[in-house]
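Could you have a look at this structure, given as structure tokens, before my questions?
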Amino acid sequence: MEVSFNDVKYTYPGGVEALKGITFNVPTGQSLAIVGQNGAGKTTLVRHLNGIFQPTSGTVTVGDWTTAGHTIAELSARVGYVFQNPDEQLFARKVFDDVAFGPRNLKFDEEAVASAVTEALEETGLTKEAQSHPHHLSLSERKRVALAAVLAMKTPVVVLDEPTTGQDHNGVRMIASIVKKLREANRTVIAITHDMDFCAENFERVIVMAQGEVLADSSPENVFNLPEVLAKARVEAPQLERLASSLGWKSHPMNVDAFVDNLEAKSR
Amino acid sequence: MIKLSDVSYAYPDTDHYTLTNVDLDVPQGEVVGIVGASGAGKTTLAKIISGFIPHVDGGALSGRIEVDGINLPESTLAIAVSHVGLVIQSPFNQISGAKFTVREELAFGLENQGVEREEMATRVGEVAKLLGIETLLDRSPYALSGGQQQLVAIASMIIMRTPVLVMDEPTSQLDPGGTRMVFDVMSKLRDSGITLVVFEHKVELLREHASTVHVIADHQIVASGPARKVLSDPRLEKWAIGTTRYTRAAALAEEKSLLPKSTELPVSLEDSIDVFKGFKNLKKG
Amino acid sequence: MPTSLFDNRKSVIHRLNPVTKLVALLAIIVIVFAIPVWWVSAIVLVVVIVPAAVISGSGGRLLSLSLKILIPILLVLFIVQGLTFPGGETILWRWGVLKLTTEGLLFALGVGSRIIVLILASILLVLTTHPGQLMSALSEHGMSPKFAYIISSTLQLIPAFSDRANSILLAQQARGLSLKGSPFRRIKVMLPLLSPLVLGMFTDVEERSTAMEARAFGSPAKRTSLIPVPDTTLQRVLRWVFVALALGAIATPILMGIL
């Protein structure tokens, strides 16, 4: 499902201008990463997608809906949103019930609920914890429960707010493979992240934000080759891009294989 | 400065040991990193080094724990906290809740110690400058973002000037800029003679700032040594900590005989520029 | 997000020692309740509360806040007491069993004037006194730091937790929870959401107490305070005057009884 922002401005009730006219369009099945320092307006922006925020001016559309005409509950059938802090999201006494909450609200029949929950728990590596109390799990596990809870809703658009923070290496790998699966299923994925290596390796498009504005919007290769933009947004390029540019390369390897391919080309 | 020998620990009401036979030796005036997958026992070890285990959590603790010349288990919590400071994982809970401005929040610990007003004001000013939070001083600690709260939480412990500072994932809510600044602050504190033990998994930054790194896996310390040596160990993948892209790229290059076999793979940008210097802009790529 | 009603200004009233204001408030309450005639409340209102409100500059907020509380209370009071006061003989107006009596109105006036004083004076204290300063001042006057901590942290954490409750609610709506329907239905769907909050609160309290110990909360040292609490000899005298007036007010009816 396609989503778009059309000259979206948002001013907080206190008068702080968080978004200063944002326009972009994400086609069906695209994976988009939004980067920028804390306070750049990233979370405010994506919270417009499911109606938690309504624009002060401009419009946000999700498929053929304008968010202004729909409640958060209605939009939840189209946009799944994983909160950054799982403790703001989880509430049930059992992991299974928490993950089942969304599908049940969306009126899946019990059989469909069970299969959606089982699948989501498997994808997030939590099958063993189905009967555990969410509060007895570690932060990284709770974050994955929150992710599973949204995956189980099978929404055409999935929004992830800093999915990799608090995850160890295995957790990050698991999330990378979930992003890949969502893309293969032609679902639209929008993620906020501070992990530029994760971003470079798993997303086809990157938006750089600073002070409520979009500074750059392109492929990771292009975006991470804009030193002035990155400096202004206080964003660091991914590790291998930094290395390639320190070595004076003109190419922009976004992952280990691409980097080593370059080495091979150069040693020939 | 910190010496643990043969330390094992099980939380109350369980016979499952969270840590077994841990030996740890941290010299004075160093930044030491401890890495481990989530659930490996990092928070438990942080609490042992700072005396909260056994003084608060109880449970079955054995072995010898000496910090700044104090035998922690046989001492009291009040004495322990005057030697070791602990920055806990959740900034929301590190904040006292009793103070209405960041300024007073930072002074909370000093007020408890009965420090003179003038000195408190000086130290609040210094620590706020160190962490770049001067503009937040008159705001309520609860009106801050998670990242800002984390900086206040760290500052609230640095101000105590304990000879040893233990930090449990101090950069979890910070953006890359904030994270880098906190690591720079750690190095500055080390230069002033403070001993820091930091539980983190940002491998690249640990390589740049820590002298020694220990790895916890399966409830034990499984590797210890100089930062570059430990952090380039391919077993880090198996221990769910993961190596940097630099390390992985160099490993793959060695495998394809593009680089000669080395004893220590690169971990940071600086390490890699040296390793890959032969590939400097050879021809148009 | 404001964590208290404190109206941040720099007036003389704001800068008074919080203990002075607290003593004045308590003395005023004692006086108007000890001498139950409406004109004592009127004098207190005109001589103390109105001038203080004007000087503080917070008079506007005081009026808007207290009217919200007072109007319903006073309406109910005058209607109920005016119409149904048992000893009412001077009937002004009658409708069935209901009769509006002078005695009833006077009684309502007596009670109402005291409530007005109580509400206005309390809100004025809250508006002009930073809660943190109040706690520091009380600690300086010998209140236990643990007790001060419990009060201030409750004041601070209530808004923090209501924020969290709010975001949990938003998160469930983002997972398809519909809040449409009767108020009864809304409460029914919202109740289960509170359990994690309460549970989380307990874990938080436990962890926070660890953090407090790490910041020397258990230290035997004599505590100091970063922000000095202003105090003057004049204020010390003023406090004793208020105490004397309150004692006088208590003594008045007793003395009058003896005489």
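As written, the chain order gives the labels A, B and C, with residue 1 at the start of each chain.
Criterion: a residue touches a chain if its C-beta (ideal position, glycine included) is under 8 Å from a C-beta of that chain, and two chains touch if they have at least 3 such contacts.
Keep in mind it's a predicted model, so treat the numbers as computed, not measured.
Taken as a contact graph, the chains are fully connected, with every chain touching every other chain. Between A-C and A-B, more C-beta contact pairs are found at A-B. Centroid to centroid, with C-alpha atoms defining each point, chain A and chain C lie 46 Å apart. The centroid of the Cα atoms in chain A and the matching centroid in chain B are 28 Å apart. Among all residues of chain A, those that touch two or more other chains are 85.
Across the complex, chain C is touched by residues 50, 52, 71-73, 75-77, 80-81, 83, 85, 87-93, 101-102, 105-106, 134-135, 149-150, 153 of chain A.
If you check the complex, the residues on chain B that touch chain A are 37-39, 89, 145-148, 169, 172-178, 201, 204, 236-237, 240-242, 244-246, 248-249, 252-253, 256, 258, 269, 272-273, 276-277, 279-285.
Within the complex, the chain A residues that touch chain B are 37-39, 85, 138-141, 165-172, 194, 196-197, 234-236, 238-240, 242-243, 246-251, 255-257, 259-260, 262-267.
Within the complex formed with chain A, the residues of chain C that make contact are 164, 167-168, 170-180, 192-193, 195-196, 199-200, 203. Against chain B, the residues of chain C that register as touching in their complex are 1, 3-4, 130-132, 135, 145, 148-149, 152-153, 156-157, 159-160, 163, 204, 207-228.
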